[in-house]
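By written order: A, B, C and D. Residues from 1 in each chain.
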């Protein structure tokens, strides 16, 4: 079985990137990161000192003065070159993403493609959506103009599960709009985050425009609290997100906090299961369940329940696990041993609550060379009830709960009231009225109609509500409202 | 001297308006409010019990279910009728506003007109700006739709200085977009807030759509903390605004916190003082200085200083004080005795710091019948230095500081760095390059070019930055981002 | 049987309205117009002299100079007052519309309501959609601003079938945007057009802003050819529209030419006929078929044909004819004797071609007092084939053709290729995939899904294609592109 | 003196590009085209047969079926690749443009850069501006959606003076929006047009999406008249444009006809001539005057006249003529001998009318090897009067008229009333009020403030009015209104 080549087997000690230079942290604290398919170490990353974080912010602040004044046409050319560099390094980025994170190569390619679309969307936004407004003679001899001005330095905090896509959901937009950034990636995938900055370095951004620090939660408070930081773009858990939103409230700053989820898929009796089942596999097990848009609960309406359950279990059981650089693999490992353990705990909790495990992925069979990998197979709970904890919280692993309900209204009620999240929900039906009722009534940010992963394309914001989102602006094209503020000019001709 | 007639001489005990009904608070706690021109009591207002506040929220929450589902065409007709009712009651509203708040009748008329424009802007927004988006075939057989959905109940907290305009900066927009509200007005102007709800009652909104509670800061925390309240629209001081933003951060809610200001006016040597001076009077003394867009510091560039000072002092000294219902009056009283005292303290502070009082409005001459009114005349400090407290904080009264600086760059530096506010700044010049440099470089939300009060019209947001604003959405037409959230629908044809 | 009261029994000699004054044409040529329910004369209207038309244009041109310069806030207040006046005269306008045109009172009320929505939409557009754009620092020290400027005088030519709605699709927008107009209504409904101008007069528009001339096609070429006329908004037949578009091409002017239609309704086998049939009645017979969005051909897919035909014929046969001022009447008369004759000719043509008349409305029974009215009852052809002339051209009367086809693709092929029109098409189905395929594949401007009359609301343009539309801007909110042109300002700071 | 290398010395017989293939015209009619700097032949181009034009349209029509259905994300990737290919071939395109057209290499580089910006703007538009709209629950259970659908095949007719920029003002937008094109370039610059298609071929567009035919005016009527052609994008002379607009009117099609110009520059007494004069040189002589935005008339207000004239003449006289591939050259030749002759005729006309030639560029000195080139030097007329023909019509060569006027109002009056064009006008002033009055009052599409060439960037439309423009949509980002039409979908949930 041929694997795609790894870019390197070990990436050494990762450096931080501040003010256009790479350098080692003076903290001396380095931690190891592993390839989740093998458990082998692939790099070490530093924990930044507070003063290093501050230096990054100050570099960004200094760079901001010229970057914001740079003419739009010229600034956008950097973003276009960023797109070209991502195309040029496409394969390499995808392979490192697999090596660092664990997903399949196809999933990795999808992530890089989505990230390129974010870069494109940032260019488009800067040319069109970010245009200001002007009204002449609004009152006698008075004209008014509105411009969007970049606010300054932003902290961008990315999660381990989508290290590239999360970066791309904020950074290209911030830069296109004239802001500068300090990126603090989650420490579980430090290699790919490093590589993104190597690509950015090739683009030749002015020093300080984009900076990279390592340390994760240990340094994020320092970063966000720096008085020059105007706000934060965050993707991560609800618990951490809430803390951050509180901090931001105290500091009087801005935030786009994208947090956890508990996503439901409803299958109506009229749905075609030949279409439904393959789409469910990607939704429940894609990125091994480590995905804010991944599905958690499968709701079968009425008698479709038995047939749907049978086919979903069968198809799930057939999925091929392994190292994502093997093109034939359908399910990669969890990203870290801890992430795997949390899912095992989740499963145990379900068993303790009395749910029935009808597909058990806890001890998947794998080739010997992956014996130390953090693998979990598709896992399905039946006989769940709404009051169970596993029906309310996310597993963030390849775990599905299946439940039968009698009506669409019951399902909508469960989606809206059984969890405090509000990220996404999907329905499979060919009935136009079911589809309308569902999309209007579910209180979530993203709705899928015959699509299980309700992921909007880059030039739409990613919706999100309730405990899945805190802040005034969503990610992507909506970041115009995060990174800039309006200035209104009132002119009187006398 | 003929005054316009007061609508009533005393308005009795004001009631609260909850779920479409008027009723007395069961708290039994009532406080007196006075006509600021005479010091005479004109009404009593209650301090609501927490359970009354909660009842208001619950009424709003219940009303939300039908209000959000109401077809757009029908819902907007309520807002159009609201506009008609405001036109119908125009004079009466203006006169009560004078009686309750103290401004001149011309200023009151301006406020009602601006409020009507907000109502119009809310209608316009609902028909156009609030349109969702749709892209067909974004991917193979996949379409995407974005809709703006109303979020639910909002707390609207209005200040004593602009009780109608602040109401109009949020409430018509919230209602047009399908949200419901609980309004908690500042207690210094309870009568006009009451009257607005009488007008709204005439419109015939469904019960619970808009509710009124009294109690000010004593009840606002209860209101904002109610779990059904989705967020808050606030206009008031920076101190209270910061507390509120912190609370909102803890609660994970949304906010548009419009706070204090320290506004500068720069006069370049090329400016025509015949034009400048009359505009300065309105800017520094309009609404007796109780205005977030009111001017605080007059910066004369170079040799224009002496002439400008002389003419500004002369014109200021000539302003006629009195009861605003007298059409000839140019300056009304402060709204409350406390507000007057705070300005006196501010002036004393300036004297203590060594500033020179070249126009002293502390003991203005008035007719006997206004002897107990809360009057202050135009007051001007000269010989101020940037480090003085009075050059950093707002007086919120008819107090000007005048300072000479040598260059536009110096002035911009003062504006950007000598105060932590970022609300507005103006320049008087006929030079196109000065104007561009000024508008681009000042770090404030609203910029005036040859206009001292840089107040945008309703269908622009009111800009604001730094300690003058906290949140993700500005008031007025920008409240689309406060009151609604996006939902993105991804549909796959199979 | 009680009728609503007529506003007047005879309106005398109608005057023209030019430069803010009413006056008689000096042509001396007057023609009679009748109440279509009774055939009785209700007014006389003049045929304007060319010099009178020119005078109207010159008045409009003169008025344009001040109207375009009027501050936006003030100009829009006229449009708001226009809305109020329409509300105030709502009943009276509806009744005159019935008397002049023949429709039912409910249809007339719908038209006035739609017209008010156009007025509202014009206000909304002026405040939001008509905002210009501004980009700062697009190149080094260069800013760009785009404004929409009104172009001048426009000719508005309205048809006899929707005299109010057509007026409202152009005039409020033109005025809101700063243009001035000369309206030339079709001569078959001159009374209601006159009344609209009486309402406008009450609003108090400055003289010359809106002018009314009579004469129809005899004067339209004169009007459009006047060098001061910038373009034309037209609703009428394809034949006249094409001529006009050709003239406009020769003259180098602008146009929005909204022309004829041949509209299809497809009923899929899964549709619920209890829902479908009542909606079909309004679609095929509403305004007695004199409606560009009215349906012409009913396509039944597969076996639903027999049942659908039976129920449609039965329901059609039961419709109550009579004078529209009788609230119980469901179908009014044709507007003129000629219009009625054209429909009779259409029916005869169908018979000659071999189509089978399964419901014959040519000689409906009516009370004696309506014996001279221009009535026609619902008429249905079966056994039609695509090659028949009646399947390609519009009847503009209450005539339906029903045809069975075997697949949705066949139906779409007929809609796209059997007629040169491209106005609207509808489908009845509950299947989400049928609905998507239909809306994407039919080459028409307006698509109905389970709605037979695919009429968008005012703040959407009315779509239209192929021989149903000529020009660069549609009516309503799209008229921004008709009445204004962009000006781009490039400013360089040196 | 070193020249940049020519790409080839002779390009042979140019082929046409139809349905993804290159081939010779069967007409057998070939014409020669020359290098304007030397008069040497550099290629031959064919005159297409009508059936070849038709074949191109039919290829485009066939390609349209799939191209319009292609998912947006995928279609836009072609346009991104087009941008990359333009970057890759940047130098080569610039050099061929010099060789074929005659401008300086710097001017050529500017044109290619502007063209790349159009490609970028097309991508941005497709992602943002071309989004449709959606409103839920507009009426009870009724939703409405608006989509922009591509219309089909468009004829793109480009002029000899801006063969690349004109192509880029239409083609990338048409393709991005899902339309297909047949391009008919002016025959004076056939080589560069050919090269653009070679670049497009490298991108790998599906066959038929973009087609190239030669023949210019001889074939354009055939092209536009083909029933499958939906409309035309044209840049060229007013005379030809008018004919085309008339044809389009007869045919009932769409058009964006961008025609001639007579552009004025006003210099106010307060302007800094050190800034003004260098900008005037580019404005009057850039592209040897062959530019729709090029300046024609220099209006000096008051006493600045003498000094401005002196300095303008001196600077003009110093310009270096020669072959554009010489980097030191400031002024290239006219494109063709005929174009040169037309300018000579224009100059003669001016002399005949009594204007005074104060700088005569008719017989410029050049090196021998350019003796057969079509050179003209800067030419300036003084003592002109508004009634002269040369003050009303464009020279389309390096010819300036200078005139003194006493006030800004006089200048505006001349600009608005002395010519029937309405393309652009500029003012040099530092006075904010002059600038506002000028930009508001001049009746042209593009206004320059301290910039002589008022050329908006790609993501603004190019404004234009009166006899300078005919149609409903401008070029560039405004072509959304040319290439697509709205479809409105009304859905009723029952």
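In this section, contacts are C-beta pairs under 8 Å (C-beta built on N, C-alpha and C of every residue); 3 or more make two chains touch, one makes a residue touch a chain.
Keep in mind that this is a model prediction, so the values were computed, not measured.
Seen from the C-alpha centroid of chain A, the farthest chain centroid is that of C.
For the pair chain B and chain D, the distance between mean C-alpha positions equals 50 Å. Chain A and chain B have Cα centroids lying 39 Å from one another.
A separation of 45 Å divides the Cα centre of chain A from that of chain D.
Within chain A, the positions touching two or more other chains are listed as 73, 131, 133, 135-139, 142, 146, 432-433, 435, 449-450, 457, 491, 493-494.
Taken pairwise by the contact criterion, the protein chains are fully connected, each one touching every other. Of all residues in chain C, those touching chain D in their complex are 133, 135, 138-139, 142, 144, 146, 242, 245-250, 252, 254, 272, 275, 435, 439, 444-451, 454-457, 460-463, 465, 467, 470-474, 478, 481-482, 485-494. Residues 69-74, 131-140, 142, 145-147, 429-433, 435, 449-450 of chain B touch chain D in their complex. If you check the complex, the residues on chain B that touch chain C are 73, 76, 80, 83-84, 117, 120-121, 123-125, 127-129, 131, 136-137, 143, 432-433, 436-437, 440, 457, 459, 477, 491, 493-494.
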